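Across the two complexes that follow, subunit A remains constant while its partner is subunit B and subsequently subunit C.
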Partner chain A sequence: MMNLLFDLRYYVLYPSFFNSVIYPGLIFTAILLLTTIWFERKAAARVQMRVGPYYASKRLGGFMQLIADAVKFVFSEVIIPEGVNPTLFALAPVLAVAMSFIPLSIIPVSVIPPSGSVFSIYFRDFYDPNIGMGVLTGLFVQYNMLLILAIESMYPVFVIFVAWVTNNRFAIVGAVRESYLSVSYDVLLIMATLSMSLEYHTLDLAKIAQSGIPGILANPVAAIVFFIAMLMGSARFPFEIAEAETELVLGAYTEYSGFLFVLTMAGSYVGNLVYALVFTDMFLWGWYPLSGFPGALLTGLKASIVVFFSVFLRAVYGRYRIDQALRGGWKYLLPLTFVSLFIGLVVGYIWIP
Partner chain B sequence: MDSIKIKEYKKGDSSLNLVTGHLKAVGTGVKYFVKPQRITLKYPEESLSLPTGYRGMIRLYKDVCIGCTLCAMVCPADAMKMATDQGKKFPTINYGRCVFCGFCVDICPVDALKETGVHDAAFSSRRELFFSPDKFNQDFDQPPVELLVKKVKAVIDEEKGIKYVPDTD
Partner chain C sequence: MTDQAEELMKSGGMEIDVIPVSGELNVGPQHPGSGHLRIYVRLNGDIIEEAQVEPGYVHRAVEKLGENRNYIHLIPLVERPAILDSIHMNLGYIMAVEKILGVDVPDRAQYLRSFAAEISRIASHLYGMGILAIFIGHSTGFMWGFGDREVWVQILEALTGARITNSYVIPGGVRRDLTPTIVEMTRKAVTYMRRKIKDWENIFLNNPNVKARLQDVGIMTREQAIEWGAVGPNLRGSGVYYDVRKVEPYAAYSRLDFEIPVYKEGDGYARTLVRFEEIQQSLNILEQIIRDIPEGQILSDRFFKQIPPTRLKKWWEGQRRVVMPGYYASFRPPKGEAVTRVEAGRGELLYYVVSDGSAKPYRLRMITPSYRSIYVMQNLLKGVRYADLVSIYGSLDYFPPEADR
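Right after this comes the complex of A and B.
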């Protein structure tokens, strides 16, 4: 019996399972998603002199409203429009969400010390030679910065796929806008990441966070650019251009209803969480100086704050036009990334060993 | 008049303005987030006490009415029509048409019609919107008194804009 329990604990806490299903993965993300949407509505309501969701559970500040909404969506009818391929129509949002979930299992959320942590038994399996410690991540790759961004940059492709499948003109316009934007923010993300990797002489997020020098001090320009590109990439205000409600019903997701609509909505929030986790590791010290499970909690807390701040901007900003957003991206932010590259080279040479 | 200075907001094209503008916007948002100035009235629990002379639902005093049909003639929305009840004419009203202009109340020579202060009546079908003289003769159901309804009134506040204070009378 004890043996079985030990085995169970071994497999549940095995980082490949734990990270992709429990902690930054499915379960945590689902809870955080509901909390984020609740916070988004409450924060916007506070700023706009309203109350927001309230009557569903007065004591919890209306948090149950989100669960009620989710249940309503799950049980409402999925309408498949005429003239679409039903298989692809149902598959497209699932693929998009799956694609945005995958990076969560690659992002390092903490380090594993050789002893003294519940994860210490996996020290050897997830050993990172760059920092001389284990890394708490679903799959340890030395070049995880690049891999995360590469996978997450596939997300817009699936948004375009969703729009193409639904055969709706609003969806097509939304997809065109998304493709314009994705080209512009992907460049910014890659350039900001590149300047950080030059600065810390590595492509390993764990090494950046474990170095003990917060990236936001070492290279604030890259942090700003990465944050704005994150807002663009996850369709947050003021860059909620591809799903502009007043112009394009809901952009690429116009035709979706019921549970498939929930999935399409989840995609951009999960993308936001992925970028926020990368932002935390890269610029906000990640788990440092903690390790093991407390470190993972610290990373999650910081990432949640970043996500909350980026949804809070809904209350502050209107929506840019597509040309304004692209002008901002290419005319102002791209030169800033060159500055951040330069800062990265100089500071990395002088300060960071 | 020299002591009064008007603060002017300059809208320049300098690129520094691009940064400070965003910071100001986020700062304002955070200010309101930390110190919200809500003006929502939580309606079922609190309700605004109405001013005297509020043009709410109309009721009829059947024993006063002389059946002169002036109210039905003046009604601009054709909501009020006359019906014969035991050889006497009485107005009927269809709230699906009524625009609450109050002309009928004004024109009544014997004050047989009165505006009540009730505005939040609910009907479950269109047929219920039609009031026959007998139904028209009754007072309206007041909001439920067994539930605690806080009567409030709106006052203008210098900082908050609109504020609700409990109505004492």
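Right after this comes the complex of A and C.
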């Protein structure tokens, strides 16, 4: 019996399973998603002289309202418009969400010390020669920075796919906007990441976080650019341009209803979490100085705060026009990335071993 | 050579539907950013080549219905097109009827009319501001607009008994008198609004995002504004000093001291600033009215005398409100016609009433400010970016039911 339990624990805590399914993968993300939307609604309500979700569970501050909404969406009819391919129509949002989830299993959320942690038995399997410790991540690759951004940059392709499948004019305008935006924010993300990788002489997120030097101090310019590009990439205000409600109804997701609609909404929030986790590892020390499971919790906490902050901007900003966002990206932020690149080279040479 | 290549591509290879650069978008009437309006937009890329503004989805034939109802029964009807600004809609009509009847309105009633009208203007501007805010994605402005409007709507409720469809102004005066409670409420509301306007400036007017969306968008020059027939804040945002309250004072405006904000820029931001400063001017006017309002009747003697003494004692002496005298049920004004203008929240509102001596008007014509904005909007939408459609729409404060009547 004890053996069986031990075996079970071994498999459940095996990082490839634990990271992609439990934390920070499916389950944690789903809970955080609901919490984020709840926070978004509550915080905006506080600013806007309202109460926000309240009656569904007064003691929890209306948190159950989100569950109720989700249940309602799941059981409501999925309307498939005439003249679309039903298979692709149902498949497109699923693929988009699946795509946005994948990077979660590659992001390092903590390190595994050789002994003393519940994860220590996996030390050898997830050994990272750069830092001399194991890394708590679903799949360890030394170039995880690159891989995460590469996978996440596939997400807009699926958004465009969603729009193309629904064959709606508003959706297509939204998809065109999304494609313009994705080209511009991907460049910013990659440039910011590049300057960090030059600064820390690595493409391994774990090494940056474990170095003990917070990226936001080492290269604040890169942090600002990355954060703004994150807002663009996950359609947060003031860059909620591709779904602009009063202009495009709901952009690429105009035709969706019921559960498929929930999936389309989830995609951008998951994307936000992915970027926030990368931001945490890269700029906010990640799990340092903790390790093992507490370290993972610390990373999650910091990432949640980043996500919460980015959804809170809804209460402050309207949305920019697409040309203003693109101009901002190419005219002001791109030169800023060159500055961050320069800072990265200089500071990396002087300060960071 | 190139033609050949294109032909080759078409016949051989894969067939690809290329998304056309230009196309039509049907914005409304079922669209989050259209209201009860259809805007047929022809796009060239992101640029609107032509936008056809098609009103009429909430047409309720107020003018035709006006020919089939008694004068007094028309009061609730004419204020329906713009229930957010119902005092003005009501006031203009009553002024026309009074002109035909030849009634003098007591001073106190004139002041009360201005009082209610200014509150209505503030509420209407806040509503317009809220709609503009949500059109450009600023949800806080939306909620604040509606939240702050509530304060004024409650004063109207205390004063008239109804939140929006007030029917407050009646021929010869107004229905209810100002009470100390309402004066106190107004004082508090003025203080609150002054404080709140500072918050508005911080989060909305000086917000770089809002400025980016409104400045240099939908520019209407002075000449264009006059040629296209813009009215109200939209006209004043283009540098034309014109306000019916100054040009042709009605109610108590000739005795009140206020300024007309004018901006030269003519863009959406200027129109928004005009509205904000008008709110501030209205607050000043309200303070003056509370201070200067003369004592006296609120209904013309001619009608006041017809109220039976018992009812007078109960309602006027008890609760400072007048009950409708019997004459009102179906009075027959003399033959004649009258034109009146009032400065409603969204601009000049014109009424033309023709009486043929019967109990019903022969003709009732109302030209609402939003109606005058249709042509303005259609012209302004040419050649702007698609995202500016909502920004221009909101900055004009166009209200479809008011235009459709």
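FYI, the second predicted complex is superposed on the first by the 353 of 353 C-alpha atoms of A that agree within 3 Å, B and C clash if a C-alpha of one lies under 4 Å from a C-alpha of the other, contacts with A are read in each partner's own complex, and residues count from 1 in each chain.
Here is the rule we go by: a residue touches a chain if its C-beta (ideal position, glycine included) is under 8 Å from a C-beta of that chain, and two chains touch if they have at least 3 such contacts.
Treat the numbers as computed from the prediction; the structure is a model and nothing was measured.
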| item | value |
| --- | --- |
| Touched partner set for A:332, first subunit B, second subunit C, both or neither | first |
| Partner chain in contact with A:170 - subunit B first, subunit C second, else both or neither | second |
| Contacts of A:253 with subunit B and subunit C, given as first, second, both or neither | neither |
| Touched partner set for A:161, first subunit B, second subunit C, both or neither | neither |
| Winner by number of subunit A residues touched, once subunit B and subunit C are compared | C |
| First, second, both or neither for A:46, with subunit B first and subunit C second | first |
| Contacts of A:312 with subunit B and subunit C, given as first, second, both or neither | first |
| Touching partner for A:237 - first (subunit B), second (subunit C), both, neither | second |
| Which superposed partner A:324 touches (first subunit B, second subunit C, both, neither) | second |
| Common ground on subunit A, meaning residues reached by subunit C in one complex and by subunit B in the other | 47, 49-50, 315-317 |
| Subunit C to subunit A touching residues, read off their complex | 19, 23-26, 31-33, 43, 46, 133-144, 147, 203, 207, 209-210, 212-213, 385-390 |
| Subunit C partner contacts - residues on subunit A that touch it in the complex | 44, 47-50, 169-170, 172-173, 176, 237-238, 240-241, 244-247, 249, 314-324 |
| Subunit A - residues contacting subunit B, complex | 43, 46-47, 49-51, 54, 312-313, 315-317, 332 |
| Subunit B residues touching subunit A - in the complex, by the definition given at the top | 15, 18, 25-26, 28-29, 32-33, 36-40, 42 |
